[in-house]
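Naming follows writing order (A, B and C), and every chain is counted from residue 1.
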C-alpha cells in the first residue's frame, strides 16, 4: 500500500492531491495491512453436461448503519452454470454472473496474473470483470489441449473463454441491478498459434492473438462532485436533462507470447462511452456546468517477462517483469464516470516459492487522476508518485 | 421479468402505475437478467439425535454506503438444529431460524414448487416463510414412509413438518430483530390419506388435508408514504399515538391431491392483522390522516396440474398447471403493512429435462396493488398486466 | 436475554435507564430468540508447512437501505494463513485477520468458554478479539503436548498462541479499515506448569501463568452524544481540535488452575487509552464540552469452577462456576470511547449433555454504564439489574 495524504494546506487545496488507484484500494493515506481478496470456490459437475460454479468473496465492504461501513462481508463474484452440448465440451453456454469476455488480461484470474493490478485501459470496459448474462463459447478440442499443455508447463493462460465467444449481459457491472431496457453485447476471439512453422528455433513457442468488441448502454445516477475550475473548487451536479443513459462501444486487440523463457504481452482498446465533462461553460450567465456525455477513450499496455525455473536449486519459479500502461478515457465504475488520464510503469518480480505461496514485490511510477471520492477536493486532480508494494498470495 | 414503466405523464401521476409483485422482485421497469436464489446448504448429522442445517442465500441486497445498494450479499435463510427424542425421529424439536409451519405451499421448497411464486394470501402470514424460534414436530413412522414413497415417485411433498407441529417465534420476519415482548404462536396439522378405501380405481392416490392457526403481535416503524386521495398525491405518515404494535390472528386450511397423473391443490386463510388505513379522514379540520389498524384479511388459491413422465421418450418430466389466486388484506412485509388487493391467473409448464435442470415457462394475468416503494407515486395504486416469464433452475 | 425498558417518564429521563451490556447484545428491552454466533470453518493444510483458516460468521447486522438494518449477514471473523518454519510447528507466523494475543480468556474460543461473555476488562483491549496483522508464535513441542493432554481430559485451554507471541496489527478492531499510520504492537507470554513438584497430592494439576503488553494508537470519528449533566440532557459533540488519534498502552497478567476437579482463573489489566470526558467544563462562558482524552483504565476478574464428570451416570459433564469481574475504563468499541464503570457477579452451570450439545444457565447481578447508543437519553447512565440467561450451544 502506498501512503501519502493530500496537502490540504496549499492554495488551492489539493494541488498535491492524494494518490489513489482504481485498481488497488490499498493505495492512499492511512493504510496498514489489507485483505484484498478472500475467496472460496464451491463447484461441481452435476452430470457430464452441467456444472455449477459459485465463488463468494469475503473482502467486500457493507454498511452496518447509515454512518458506518465495515469490511469483510461475503458477496458473490461468480455464480454460474455451464451447459455443454457435447461430451468434449466444445460448445458451451454459461448462464449467470461470470466474467465478460472482453480482453485477455481481464479473463486471466488474479491468482495467475503476474502484475498486482489489471491494466486500467481494458479493465475500464468491465470493472470487476463480471456481469450477469448469457454467454456462448466454442473451443475446439485441439485448442483445449494447447491451453492445458501450457498450464502443465506452469505458463499462465487466460482460462478457457472459447476461441469464439458471444454474450448478452445487463452491463451495469457486477452485483448491480439492471437500470435500463438495453442489454450489452460482447464478442470475443482468440487463438493460440504454435510458432514451430517459423523454424525449429521457435518450436513450442506459442503466440496467442485475438480481438474483441462490445456495445451497450450504461445508465448512471449523477451525484454532486467537487470541481476544480479556475483554481476554485465548487460543488456541481451533472445536468443532462433526464438522459443519463449513454451508449458505449469498444473494440480491443491482444497478443501474448508465452514466456519460454522470454514473453511479451500487449493489449489495446479504442472506443467511446459515457464520460463526465466537468467544465462545460454553457454561457457567460449559466456559468460552469457538468454534463455526462459520450466521449472517446483509448489505451492499453505492453508487458515483458522472463521465466526462471528451479531458482536457487529449488522447485520455485521466479518471473521478473516490466509493464507500461496508459489510458485516457472514462472510468464508468466511479461516480459520474469521470475521465481518467493515467500512465504507469511497473517493474516487479513474482516469486512462487512453492505452489501454495507466492510473493510479489513491485515498484511503480504512476500518474493518475484521483477519482476515489466525488466529494473530495482531490477529485479530478492529477496525482503522481513512486511506490513499492508487496503482496503475499496463498493458493489452494 | 415483466417490464412496464409507470406512465408519469398522466394526471394524476401513476394512473397507469408500474406493475410490481411482492413475490417476484424481477417484475417491474428496467429489468434484465436476474438471480433470484443462489443457495448453498451446509448440513450434517452430529449423532443419531442431533443434526445441524445452515443455508445462506447469495441473492440479498445490502447497502455499501448511505447512497448505494449492491446485490448478491450472503445472508442466512435457515440456521437450525434438530434434536430428536427417539431413533425413528418421530418426536423432534427444531431450534433456530427455520420455516414457520403455517400453510402447505409455504413449507414446500422453492425447488419443488411448480409455480414461480407462492400464493400471496398464505405467504402474507410469514413473508420469506422463516423466523427465529422453537418448534416441536410429531411425525409417526408410517407417515414418514408415505411422504418418502411420494418423493420416490417424483411427487412434490411439502417436506416433513410433522402431522402435528407447534411453535413459538419472534414474529418480525426472517432476519429481523424482535421488536416487542410478545412471541408468535403457531400450530400446524396435516395428514396424507391413501384413497384406496374408495375403491381400486383410487388405489395409490394420496390426498393430504390439514389446518393451521397462528397468533401474535407485530410491531412496525411507520414511515412517510405517498397517498393518492381525491386524485391528489400527498405525503402522509401514519399516526397511532405510540401504538404500532398490533395483534394478528389467522386460520388456514389446505387440501392436496398429488398428481398421479391429475392433481389438485387448494389453500385458504382468514384472519385479521395490522393494516394501513391510508385515508382515515378524522375530521374536516384534521384532514387526511393515515393510521395502522387491525383489519380483516382473507384469500387463497386453487391449482390443477397434470404429470407427464418420460416425455419425448426421455427420462424428462413435464407438468402443465393452472393456478388461480386471490388475496385481500395486509402485506406486513412492506412498509406500513399496506392492504393488497390482488388476483392472478397463471398457466404454465414445468419441464424437468433431467434432475439437475428445470425450465419453467409461465403466462400470468395479474391485478395487484403496487406496494413496492412507499415514496413512489404508484404506492397503493392498482396495476394490472399480462406477462410471460421464463425461469431456469439448476438443482444439485 | 434480559428485558427492561428505560423508564422514560421519570425526571430527568432515564433515571432508571435500560440495562445493556457490551458483551451480550441480547440484553435490553424487546428481546426474544436471538442467534448470537453462527459460524462455519473452512480450513486445510496445503502442505506440511502452510495451512489456511477461514471462519465467516452469519450473525452480523448490515444495512439493506439507508433506513433499515437486517440480521444474519455473513462476515469474516478469521481469515489467516499459518506458515511454520519446522515440521513440529514450534515456530510459526500467522498472517491475516486473527485473534490478537492479549489476555487468556480473549484467546479461548467461545465454544470452550464456561461463562456466557468474556470479562469486559480484558476484552476492552481488543473488542471482538481479532484484528488484521502479522503475528509470530513459539511453542516448544513439550508445551504443545501439555495442552493436547489437557484437551483430551476435557479441560478447556485457550488454544495455542505460543508460550511467546509477538505481533503487529492495524488496531482499529476486527473488520475495520486502518485509520492512521501507526500499527499496534502486542506481546504475549504464558506457560503451563505441572504442579507435581509440590508433592504427590498435586500430581497432574496444571497452573498456567503469563503476562501481556500492548501499545498503539487508536483513531476514532467523534459523534454527537446525549450527555446527562446537572440532570439536563444535552447533545454534545467531542471537540479535540483535529486530534482524535490517541495512544493506548496496557499490561495484563493471568493465572489459570485447570479444574481437576477444582479450578481457579484470574486476569487483570492496567493501562491508559482514549476515553470520552463528557463534561469538561472549560470555562463559564464555553459551557459543557466533551473531549476524548487519554485516561487510565484497570479491571479484571476471578473465577472459580468445579468439574463433575459422568453426571447422572451418563457421559455428560457438569461444571458449576462463579465469576466476579470489574472494569473501570474506556470501551473503545463504542462511539466516542465512553468510560464504562461496571461490576458483575455471575453464577452458573454448564451442562455438556454430550459433545454436540451444551446447555448453560446463568444468574447475573450486574451494574453497568449504558453505552449502547450515543443518541439515547440513557447514554452514560448507570443501570443495574439481576437476570437469568439460558444458552443452547451446538458444537460440530
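Note that contacts are C-beta pairs under 8 Å (C-beta built on N, C-alpha and C of every residue); 3 or more make two chains touch, one makes a residue touch a chain.
Keep in mind that this is a model prediction, so the values were computed, not measured.
**Student:** Check the residue numbers that chain B and chain C use where they touch, and answer same if over half are used by both copies, otherwise different.
**Tutor:** Different, since under half the interface numbering is common to both chains.
**Student:** If you fit chain A onto chain B using the CA atoms, what's the rotation angle, as a multiple of 5 degrees?
**Tutor:** 120
**Student:** For chain B and chain C, let me know how many angstrom lie between their CA-based centres, rounded off.
**Tutor:** Each chain's C-alpha centroid was found; their separation is 40 Å.
**Student:** Would you give the residues of chain B that are in contact with at least 2 other chains, written as numbers and ranges?
**Tutor:** 56, 62-63, 66-67, 73-74, in rising order.
**Student:** Quick one: which bits of chain A touch chain B in the complex? Just the residue numbers, please.
**Tutor:** 42, 44, 46-47, 50, 52, 54, 56, 60-63, 66-67, 69, 73-76, 79, 81, 83, 95-97, 132-134, 169-171, 175-181, 183, 219, 223
**Student:** Chain A touches which residues of chain B in the complex?
**Tutor:** Of all residues in chain B, those touching chain A are 3, 30-35, 38, 40, 56, 58, 62-67, 70-74, 354, 356-357, 392, 394-396.
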